[in-house]
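Quick one: structure below, then a few questions.
Think of it as A, B, C, D and E in the order they're written, each chain with its own count starting at 1.
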Amino acid sequence: MAETHAETALIFQPKPARPAPAAASGPVAWMRRNLFSDVPNALMTLLGGYILFVVVGAVLDWAVFGAVWSAESRRECLDAVGRAGACWPGVAEWLPNMIYGLYPKELVWRVNLGFLTLLLWIAPLFMPRVVSKVNIGVSAVLLFPFLASYWFHGGEMGLLWRVFVAAGIWGFVWVWATALSEQFAGRPIGQTLLAALGAEDAADADQRRILRIAAALLYVAALALTLAWRLEEVGTRLWGGLFLTLVISGIGITFSLPAGILLALGRRSDMPVISMLSTAFIELFRSVPLITILFMFNTMMPLFMPEGTDVNQLLRAIVAVCFFAAAYMAEVIRGGLQAIPRGQYEAASSLGLGYWRSTQLIVMPQALRIMIPAIVGNFIGLFKDTTLVSIIGLFDLMSMARAVGEDTKWLGLFIEPFFVVAMIYFVFCFAMSSYSIGLEKKLAQGRDRG
Amino acid sequence: MTGPEQAAAGGAKPARVIEIAGLNKWFGDFHALKDIDLTVRKGERIVICGPSGSGKSTLIRCVNHLERHEEGDIIVNGVTLRGDKGSVNAVRGEVGMVFQQFNLFPHLTVLENCALAPMFARKMPRREAEALAMTRLERVRIPEQARKYPLQLSGGQQQRVAIARALCLRPSIMLFDEPTSALDPEMIKEVLDVMVELAEEGMTMLCVTHEMGFARQVADRVVFMDQGEIVEQAAPEIFFSNPRYDRTRAFLSQIL
Amino acid sequence: MTGPEQAAAGGAKPARVIEIAGLNKWFGDFHALKDIDLTVRKGERIVICGPSGSGKSTLIRCVNHLERHEEGDIIVNGVTLRGDKGSVNAVRGEVGMVFQQFNLFPHLTVLENCALAPMFARKMPRREAEALAMTRLERVRIPEQARKYPLQLSGGQQQRVAIARALCLRPSIMLFDEPTSALDPEMIKEVLDVMVELAEEGMTMLCVTHEMGFARQVADRVVFMDQGEIVEQAAPEIFFSNPRYDRTRAFLSQIL
Amino acid sequence: MAFARQDDDARRGGFRPGALLSDEKTRSITFQALTLAAVVALFWWLVDNTLANMAARSMSAGFDFLPVTAGFGIGFTLIEFREGDSYWRVFQVGVLNTLLVAVVSILFATVLGLIVGLARLSGNWIVATLARAYVEFLRNTPLLLQIIAWFFGVFNLLPRPRDSVEFGAFALNNRGFYMPSPVPEPAFDAVLAVFVVALGGAIALQVWAKRRREATGRLFPAVRVGLALVVLPPLAAHLALGQPLGWNIPALKGFNYDGGVSVPPAFCALIVALSVYTSCFIAEIVRSGVQSVSRGQREAAGALNLPNDWTMRLIILPQALRVIIPPLISQYLNVTKNSSLAIAIGFPDLVSVWMNTSLNQSGRAIPIVAMTMAFYCTVSLFVSLVMNVYNRSVQLKER
Amino acid sequence: QSTLESVKERGHLNCQVGLPTPGFYALDADGTWSGLDVDVCRAVSAAIWGDPDKVEYQSVTSAVRFTSLANGESDMLARTTTWTAVRDTQLGLDFTFVNFYDGQGFLVPVDSGITSALELDGATICVLTGTTTELNLADYFRANGMEMTPVTNENVNVLVETYLGGGCDAYTNDKSGLAARRSAFPDPTAHVILPQTVSKEPLGPVVRQGDDAWANIVRWVGYGMLEAEEFGVTQANVEEMAANPPGPGVARLLGVEGNIGEGMGLPADFMVSVLKAVGNYGEAYERHVGENTPIGIPRAGTLNALWTQGGIMYPPPFR
């Protein structure tokens, strides 16, 4: 190390990087490489192209070129093109029902408003400078449903429900206050508020007190708002179509995450009773088809309840879906937990964090993050599986499509509505799966430097 | 056997901060630690070395109860480790630990990694915790990386963050488990430098390492382990130049 | 720049077994190797060193065509690597390679790992292949582990199996890509010992390593790379005591 | 220090042995006991309610309906079933049909999934893209819709029996797929004997070829020669003995084809839909399995100059399979569960004939639902058992 | 608590119908239910509150219809349910009255040349699952020593599509359904309903067993509609008739005389409300399934005609 260098050193000048030789660029080179690199490849290319042409052509012929676009009844369609082309007017007439079910037409704005609220609620997640994204996401999952449920259902509000609805309003205001403060002022809402009150220099304890009072005031205001609030009741029997599908799968998804986390922790627990019960629950609900669970809850839950309890049919289906989804989610999350290296647990406990703290701060965030693609996959599965509620007679998207063909005017028209339903499902699922693939790629990058 | 008393510097002896007596530990049927006795005084720097599987990691992991010991006593700063929440928490508050694989929390920024324990284990307000974290990051010379995520740093930087994180609990004792062996040779030095500084500031340190240069430079005492036992312990001058046991000599000849 | 001729021992020069001229390699847009020229003579032992990402691995992986190069020539034992099956097979039959991560086949026993290539690449009868494998395992001093599975061995043992496996093709050239950097310090020596022996038997070797002790001991020439270029190459005595470039000096000061 | 040690010993004796963790342990035991009590109470409450409700509605829960005549027909059965048979028989028919659908779909889905999975890894852009489109489209639409689509889009559009597509003795029309069934004559035993001998010979050939390869290193096209050995001699014997095997060839008789064996279109649609749907997931499993074998393994094989086909057979496949099999098995379980959607096109599987028709005709909700769930649980438990055994056998031997 | 009380307390009637089916419980794009069975629900609602619209329709698959009634979810079931001994005695149900006499028949293509169901030996037959149709079909073939292959489904459209595509030689269902379906075929004249009626299908509303008072309400609302037809009371003239009843029969029916309604826990003039809301049976029939509807089932001379006109609709007297 202490060797002396005889001469003064030369300075190393790295050569500038050259661009790669252009031998392989341009569309022709690309085609040669990817489509016609050798004879079997070329044959496969031609075959693939042919299949694409035939399939796409046939579908277009039926759905677009040969279709009837305006008619008063199916009879007219049949007289015009027989069964060679699609008959869209029936679907068009029923489309509102396929989306909102039998929800009173003049109240449909409430459904729209509900989903708009959700969009607004999660919009801050896409604002670049907002940092409390986790809290906003959690609030969307935990508070939004109360607000939405009243919006959708309406009617008389019990005290408990009122309390929760007020929490929903409170949450919405908080989310946007936070989002605006962080996006434009670049600091948490608390600080903005303190600044506005001129209490920035108060002692920590005082500041906290002020914030708490502000939150409480806001809640009281929200509660007061609910007192004046009375929407016409729309019974769940009238819910249907895509709206119902979204409600069922949405609740299932929302419920499955926390329940799945608890079940997964339970299954990994050191306590034999807890772990056995969790395992039994998970395995039972994973080994039977959803349709049998739906059947069971649909026909038997009223028998399980004390005489006279009236359990709404939608609620039963939702409970079934939730149990089912929770069991699946538990296994996904367990996979994520297993992937967390032991070193993480050890580091957390060597820093003095307890079981629940390290689960909350260290383990779960990482496990959930690793498993996001799998979780989204689960969501997609659940979303598709909700089609099964049509079999127990809920008017979801699928049943609504079926009802078109039972309308006296459009009797027998059922392939077209199913086609539309398939497209709707595809758009939703494909969007979700693309999102998860994108996320997966981003996560993979995050593992490297830079 | 050279007692720890001999190794410690002369004069009025500082307080004993770690006392291990008759420690035995089993993994299933495997006897991993056998009758370990070890006393560490305040400000002492101890390097533990020995062949792979000799129980070095297990020993220091027992000290902050990452491993539960079956027999014997471990007393840290007067608290006897019993496996109950109270004593474990008390000890872990006094002892910082640095791992071979860094074990940083990849989903948190460097600053959050460091501020976590003060905030949640010490219930410090966030502002204070972050200020504390910044001073520690300055001490390991990477304050400018505070907002980055661990995986965006080089190995050496990560290990320095890990040290800063451990220091944020203001521990009186630091444990290191092979802090440099997952690092590229280029980065070893930057981590050792930080450790040397820490030693010079008078931190009590228990360090498992194969870096004999480091041992020579800062250790007050080198402890050599084999097959779950402490074979010998001595001041580095003596240990390196004149080990007592042939096992030690064999080991030294391989590693130097 | 110090040509390879100068570094090689004097007298009648042995045949050139590897000739690399004007080698350029890109990963997408990234220029990973820039105008590399390197000649290796029979029996020469060359150590390649340089900072992380400087293209060391890429260079030796080009030699047995694990990476395809875009420009320049690589001639191994008179065969020009063109990317066609014939030349690649011919070259790979002559060149053994040892990886940093061992890359043993975890589902096959040690013996099967070694006998695989002779049986399926060289169409040797199983008995002969296994006998050959045993001699190679003896050479790396672990014949007794032949029936175990790789993951049952320590890192050092695994790397020695990897060397034995490469030797089973009876290569005339061995490439090593940081063979010891995934190993515990204790195990480094056992692997280096095997490599030193191999060197002493006259094997032509191209070795990427950070073990400067090894370089000093066996290398005929040390090649220093940075940013995809060969900065300088010299005999180890000269290289370590009197490097020409500032970049080399900076690197050496960090690593020694 | 010695003194301290004695002191320690005494203290240790006092705390013996789990006492150190006493508070943690008691807490966990209390917690568990409470949970257990709560669960038991919940169950008891449910059962109590159910019994009360059933009594109030004069519903019966027993299994006494099982021997009663069910009184409906089933369109496709593996075992003999007549309209006068009992509910118990219906259950058996349903179970067998479900298993049949599951097994056949699993076979097709695996083959198809393998092909598509490899196609996704193909270097040909159009092939890879088609494979990707196939996977994306099919796995993002509900299976229920797909089953219906296959039934109407394909099987219902097939020609009527009178205009069947006939290829040789096979016939395909919108009533199903008809195949000839063999009717052996006595002399056929000789042909069978020849076949058995040839098969033995072929197996021996494989063994011999492997031995020779290991002894000399030389290769022998054992698979091709073996196939020839299995096919040619029995064929020769068959011809020599004057073709002693008759065929019951399906022929149009009255409304339908008669003779041979046949499968109904609902079955075909279900099989195709299930196989195609599942194959998407299998394709992804195969793809990730193959990609999971680290690049280092391929490179090591390459550096050892192993030929490509042997690299695939000896290095990649064995390791990829280890990754592929567990998710694959869980897909197989999914197929079994998904076959319950047969209800949508009226294939008489367990859910359709048992949980739907039988439940509706007999009104015994509880026993019927319980039996259905018990069947699925049994299948799933059995498969997980097999799975565990497999996992243990392929686990890498580690330190 | 009696069913009537809990219905009143709830404020609406839970009336179970099936998945939408033209003529009996049809759903249109505006979300309103209509049909012969739906009119029974409306009539009962009108009888209780004088308002036919206090009904929540529960559209339930046939597979779970009885459990859904037995477990108390619906108050009554007004859907084309065949009255059979087993159902009446073993499933905890009570049939109230028959509002439509149906019979199972077969639909075949004209070009098949089949003219009698007895020529169907060996045929493949499309049949709705989960209903008595399935059992009747089996019985009929068994009784006549014939063989057949059933193609089952619980979705009528699927079956019809199968039949149209030639997936089965005949489609069997209650004749009311056959006629309706045929009307929606691309070429209705290419298909013919065979003359045989292979089963008796008395269809009518069902209630839970054990509450006779409630069963009586449903039953007598139904009979009241028939009686009204017999007396010539219609939706249009009911007010007038109630004001000055032409005879004692009408007077008793409309609650002008006697206390039949009160005895059932209903207003005395409950039949006035019923008739105002849905009209008499004949009107309901013509409105939903009669010859002038797409369903087009003629009534005259069939079982569904009043007994005075050759049918068997024979309401017990209101007295």
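As a working rule, a contact is a pair of C-beta atoms (placed from the backbone, for glycine too) under 8 Å apart; a residue touches a chain by one contact, two chains touch by 3 or more.
A quick note: this is a predicted structure, and the numbers were derived from the prediction, not measured.
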| item | value |
| --- | --- |
| Most remote chain, CA-based centroid, reference being chain B | E |
| Farthest chain relative to chain C (centres taken as mean CA coordinates) | E |
| Superposition rotation for chain B onto chain C, Cα-based, multiple of 5° | 175 |
| Pair exhibiting more inter-chain C-beta contacts, A-C or D-E | D-E |
| Whole-Å gap separating chain A and chain D, where each centre is the average of the chain's CA atoms | 30 |
| Chain C and chain E: spacing of chain centres that average the CA atoms, whole Å | 89 |
| Distance from chain C to chain B - Cα centre to Cα centre, in angstrom | 37 |
| Approximate Å spacing (C-alpha centroids) for the pair chain A, chain E | 43 |
| Residues of chain B touching at least two other chains | 85 |
| Chain D: positions in contact with at least two other chains | 53, 148, 152, 343-344, 355, 359, 365 |
| Multi-partner residues of chain E (at least 2 other chains) | 63-64, 67, 71, 155, 158, 161 |
| Complex contact set, residues of chain E against chain A | 1, 19-23, 26-31, 56-61, 63-64, 67-68, 71-73, 155-158, 160-161, 180-181, 183-186, 293-295 |
| Contact set on chain B toward chain A in their complex | 61, 64, 66, 85, 89, 92-93, 95-97, 99, 101, 103-107, 116-117, 120-122, 125, 149, 151-154, 165-166, 169 |
| Touching residues (chain side chain D, partner chain C) in the complex | 213-219, 294, 296-297, 299-300, 302-307, 310, 314-315, 318-319, 322, 396-399 |
| Touching residues on chain A, where the partner in the complex is chain E | 74-75, 78, 82-83, 93-94, 96-97, 101-102, 104-105, 235, 237-238, 295, 298-300, 302-303, 308, 310, 313, 391-393, 395, 399, 402-403, 405-409, 411-412, 414-415 |
| Of all residues in chain E, those that touch chain D in their complex | 62-67, 70-71, 86, 90-92, 120-124, 129-131, 134-135, 137-139, 141-142, 148-155, 158-159, 161-162, 165-169, 208-210 |
